[in-house]
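What follows is a pair of complexes built around chain A, which joins chain B in one and chain C in the other.
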Partner chain A sequence: MITLYDYELSGNCYKIRLLLSMLEIEYSKHTVEFYPAADHKSEWFKAINPLGTLPVLVDRSHEPQNAGQRRPLQQKTEKPHNEQTADLNPIDGLTLKDSAAILVYLATRYDKTASWYPSSDPAKIAQITEWLAFADGITASASQARLAEGFFYNVDADACRARAHQLFRILDEHLWFAEHRKQRWLVAGDLPTIADLACFPYIILSEEGSISRQDYPAIRRWTDRVKRIPGFIVMPGVFPIGPELSS
Partner chain B sequence: MDTKPDSSSDNNHYWHPIASSTDLTPRHVFHGQLLGRELAVWRADDGNVNVWENRCLHRGVRLSIGVNDGRELVCQYHGWRYANRTAGCTYIPAHPADSPARTICNNRYPVTEQYGLIWSAESALPATHNSASVPDIDPGFLNGSITAPVADGDLNTATIRALNTEREIDAGRLLVLRPIPVNATIDIVSTVLQSYGYIHPLSNTPVHCAVEARDTYRHTTQVTPLTANDCIASNANPPAELIQLHFIIQPVDSARSVIRGFMSGSSTIEHPTTWLQLHNAALSQLRIVAEQQMQAIIPPAAWEVSITPVSESLAKMPGISNAAATTQRVVVRAITDTAKDIKSVEMAAITGDLATWQPGSHIDVLLANGLTRQYSLTNGPGQTDHYNIGVKLEAESSGGSSFIHHSLKPGDVLTVSPPRNNFSLRRDAVKTLLIAGGIGITPLLSMAKALFHSDLPFELHYFVADNSHVAFKSCLDEFGKAANIVTGLDPTETNSRLQQLLAHYENAHHVYLCGPGPMLDSAKAIAEAHSWPDESVHFEYFKNATEVSQDKPFSVALARTGITLQVPAGETLLSVLRNNAVALPSSCEQGACGTCIVDVIDGTPLHQDVYLSNAEKKRGNCMMTCVSRALSDSLTLDI
Partner chain C sequence: MLRVQIASTMAMTETTCKDPVIHNHWHAIAAIEDTGSHVHHTRLLGEDLTYQASTARDTSDSTGDHEFAVSRTAAPDKLLPVHCAYGYIWTCLGTPAQPLFTLPEYAESDRNNVCACSVGVRVSAPRAVENFLDMGHFPYVHTGILGEQPHTEVREYDVEITEDSNEVIATRCRFYQPQAAAGANEGMLVEYVYRVPHPYCSILYKSCPDDESRMDVIALFVQPVDEINIRAHALVSVIDATSAPLAIRMFQQTIFGQDKPILENQLPKKLPLDPRAETPIRADKSAVFYRRWLSRQGISYGVIPAAA
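This part shows the complex of A and B:
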């Protein structure tokens, strides 16, 4: 059983929800109130993820490497912390604390087509890794601007916006020339990869940080394509799209 | 440039590029901007490019985040739908039972597609825009840049204009560059562009272009082809064929521009990807210079944009008195036999665009022989460049259908009314049942097409005498299992089939009926017997077979006009009103179409129409002025 420690308005959590939906994986959500309660910085959550960041994914269907490291049983009978309930004790499964790591894990373990993360193709997984790092750059810029505007974070929003525009210019150029080569996704190939999902959320939410995508027509078309991936789901601030023109 | 260019009225037809043709992929909405004004730009499935004000008329939300469903643009906020080409609103989900007023029509801007670019201009189109009057791109731009240096005379101005853009691009004779948005004024961009140069990819040497600025926006130069030969023989004889390079600066806003460009040559442009990459790199460098120069000046204030209100003729309340006044002239484009004794007639606008319609709409056709007839439109969503009707030759035709069948021919001009809709299609039904008898298929066909395109659940049951009477067969085939043709039933068998179809009413199911009077009468009775609520049963009669009595005189008080009139025996209420300068819109004038409806404040009407449902008749708060009269001695009407 998979549990996602999730916050509805988090783009990083949305990346995981997207892949879980597209791979049709059943999971349960455990909501962590990021704002205003800041539960991701609470003691009970830090016990799960000392970094105090979302998302966290726990996969209990994963067999631990060393059963001897399991906590003794009586641990479970302790009074649960705050919102944490005993049966959700994450220790029994694999706990992953970073959206990119979770994407890699889910795609490698559960994607039978091995298209989302083609681990046998060194060039492709290296390119995917580049884009996962690029996505972190978007998180550090576009997402920060959104946190400043929507969640009252004390950051230099103008600097974040300027950095996001730099990244968007690079991405738009990449996608424009990809289209020129009849490519649809960030990493060349017939099918989308986790690179697309890692970059999508904070791009599509950029206007919530006052970052217009008007100057990036190739990015806008790519977001349409991501929205048409089977299993695509929305989140607040992300709008649905109509069907593709069937040929 | 602090003052907005093109502000003089003489100059507001200056064409500016706003997008590349390839930007408008199917089912996409491009977010554009010209001279400060935001634009929603989208290509419908039929290829038509729409350039609209980027705001929904309802709450002002950007339409560029809406859904292009190939036929209509749907606002993301409350689902208002706007038709391809006309920009008229076709459906408002919050008012599912009503047809949107014709006044709900978005501002459109001129559009033309040439050289792989989409061009637009500042002035909004008037409501009756004549697309044929769109001015051509400044010919001077072509004369100086394309025709002159071409040695073999292969391309001249005339042919370049006539060239199909797609074919041109495919043939490699025209290469559209990647557009480069620059956060700088057009003046800065223009200045910087004149020192344009790039690194030759083969010889790896800088190439400086002698860019000629034709005006602030248009710049041209010529470059040598990229061939291995050219590399070896550099500085030798200049190659015979030169490639023209054109830059056009799009004034997005006072401090924002887009450099657009294309290359053209007399023969195929080789190494297109190399060219695209080198110009992209060179223009990106140029952007850095331009944006640095912007740092040194005080950025100008954003250009003010006025949102043009809808035209007065549209904005005016559809006045009671002038309702019949507006007509449009159409030319018959095609007449085809679609079934035994049924012709399909397609009509196109002579100038401008046709008024917007919705599924269920009908038009009055003023025939050359002086008769006026009502016909339902059979168009599918987004098919806004023509009206299509189905006309059955009636045996006892008094000249309407007989004229269309025997005298009307392609190229003939007709006058038609704007579409009216008294048979609106809801799109919020859990399931929609469409039941047609004979030529009653026409409005239901339009409904079926809309439901089918939006993937909404429906069944169409089409009752005909035999297969030779099945009209619009190819359209029906598209619906697959949703369309069911029922042939050869006698009235008793028809009734029992209707019994089956209407046996179970479920919440939010709706049935739409159109066909011969007796079939509709029994279908309505069956639906009532099976507890279909009145508001779920929608119907449209072809004609009113009721024997209309005009025996009893009565008086009528007009509450708003403040007069009382006498309606003598033998004269209709409608004609008495008109004779006293209280003109009402009307269409069929026999109590079938619902156009001349008025609200009744006091008194009991004698209903003699087939438009109102029994429940509506019982309520007695509205009536058809063309046939209905008064049971009481007098009536008070809300007009």
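This part shows the complex of A and C:
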């Protein structure tokens, strides 16, 4: 059984919810209120993730001794744990504390088509890794600007916006050239990869940090394509898209 | 030293609210439960404020409760009036012209009172109140929760401005909702009553999924950070013995998170009070009354006043 420690308004958590939905993986959510309660900095949560960040994913169907060996999922009943009982260490499975690590794990383990993270293709997984790092740069800039405006974080929002625009410019150019090679996704290939999901949330939420996407037409076309991936779901601040108009 | 003082006085006169009604009103600034004894900062009507839970009750003047000390950051020794009500700390930059509106349901012992969130939104306070009054956006913005296509019709309802309490009140509002509250398990036709007892606050009463004879209460207390920026504070007061406060909070945070981009994209950011300024479809009946009521009080902060 998979548990996602999740906050509905978090873009980093949304990355994981997107992949779980697109891969049709069943899981349970354990809400950690990021704002205003700051439960991600509480003792009970730091016992799970000392970094005090969301998301965290625990997979109890994973057995470390048999790592690498795929076994059918066992149905274990979820132990309810909340603020009161969370001092019980929830970890008798695999605990992952970083959105990129979680995406890599879920795609490698549960995507039967091996398209979201084609682990046998060295060049592709290296390119995906570049974009995962790029996504962290977006978290450090666009997401911070959003936290400053919506959640009253004391950060230099103008500097965050300037950095985000630099990254958006690079991404827009990359996507524009990709489109000219008939490519639709961040990493060349017929299907989207976890790179697309890692970059999508804080780009689509950028206006909440006063970062307009008006000057990035290739980014706008790409976010529309992401919204049309089967299994796409929204979060507050993200709107669904109608079906593609066929001419 | 003198130069610094002059500079800060000038900065203040640039941003200070010149609307006497708003200046002398109570405004919510933070949830009591989120406020500790260390120094907190916020902004109200363009001015920086400092507030904290006070350690000693040593002040002798009687301008209200002194569990919390609130002051302008620029004048830390001059305490502002403080009033604790409905889970929030309220303050006033001028002299409170009237007591805060009443919300008697808050005191009912079987209610679950939850301060659900305080969200920053780049919009004027009146725009936020008007959106709160508008049921028409439910199926489009809160799809699957507060509304659902094809149930998009806003049925006829009544609005009045009460003479005695000077509030806008909308009654007989009905809407089909797939998930009316955190504790709702099925869709239902929900009845709403809206009150606007304060230019920047609105309270809605809606059918309670748990008890037919009572109504759940959701209140929006808008803190005008400046004319086009707010903190939206939500109080949820429900008759729901089963939902945990966290579930109630997340429900409300999801709703507010869905409203945020809609509000931030409204232009102009200030609410136009001229009846001809916006189409009657967007500005429906309760909005028309609300705008008229703001005009009548001579509100100028956060609005574009109607030409005289």
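Operating definition for what follows: the second predicted complex is superposed on the first by the 221 of 247 C-alpha atoms of A that agree within 3 Å, B and C clash if a C-alpha of one lies under 4 Å from a C-alpha of the other, contacts with A are read in each partner's own complex, and residues count from 1 in each chain.
FYI, contacts are C-beta pairs under 8 Å (C-beta built on N, C-alpha and C of every residue); 3 or more make two chains touch, one makes a residue touch a chain.
Every value quoted in this text rests on a predicted model; they were computed, and no experiment measured them.
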A:P50 in the overlay: touching chain B, chain C, both, or neither? Say first, second, both or neither.
neither
By the touch definition at the top of the document, which applies to A:F177: first (chain B), second (chain C), both, or neither?
first
I'd like to know which partner A:P217 touches here: chain B for first, chain C for second, both or neither.
first
Partner chain in contact with A:P122 - chain B first, chain C second, else both or neither:
neither
Under the contact rule defined above, give the chain A residues that sit at the interface with chain B and also at the interface with chain C.
239-240
Can you list the residues on chain B that touch chain A in the complex?
19-20, 22-23, 25-28, 30-33, 45, 65, 67-70, 74, 76, 178-179, 181, 258, 273, 276-277, 280, 284, 455
Give every residue of chain A touching chain C within the complex, in rising order.
8-9, 31, 33, 35-37, 82, 149-152, 207-208, 210, 235-237, 239-240
Complex contacts: residues of chain A adjacent to chain B
173, 176-177, 179-181, 213-215, 217, 220-221, 224, 239-245
Going by the contact rule set out above, which residues of chain C touch chain A in the complex?
31, 34, 42, 117-122, 143, 231, 244, 246-247, 249-250, 253-258, 260-261, 264-265
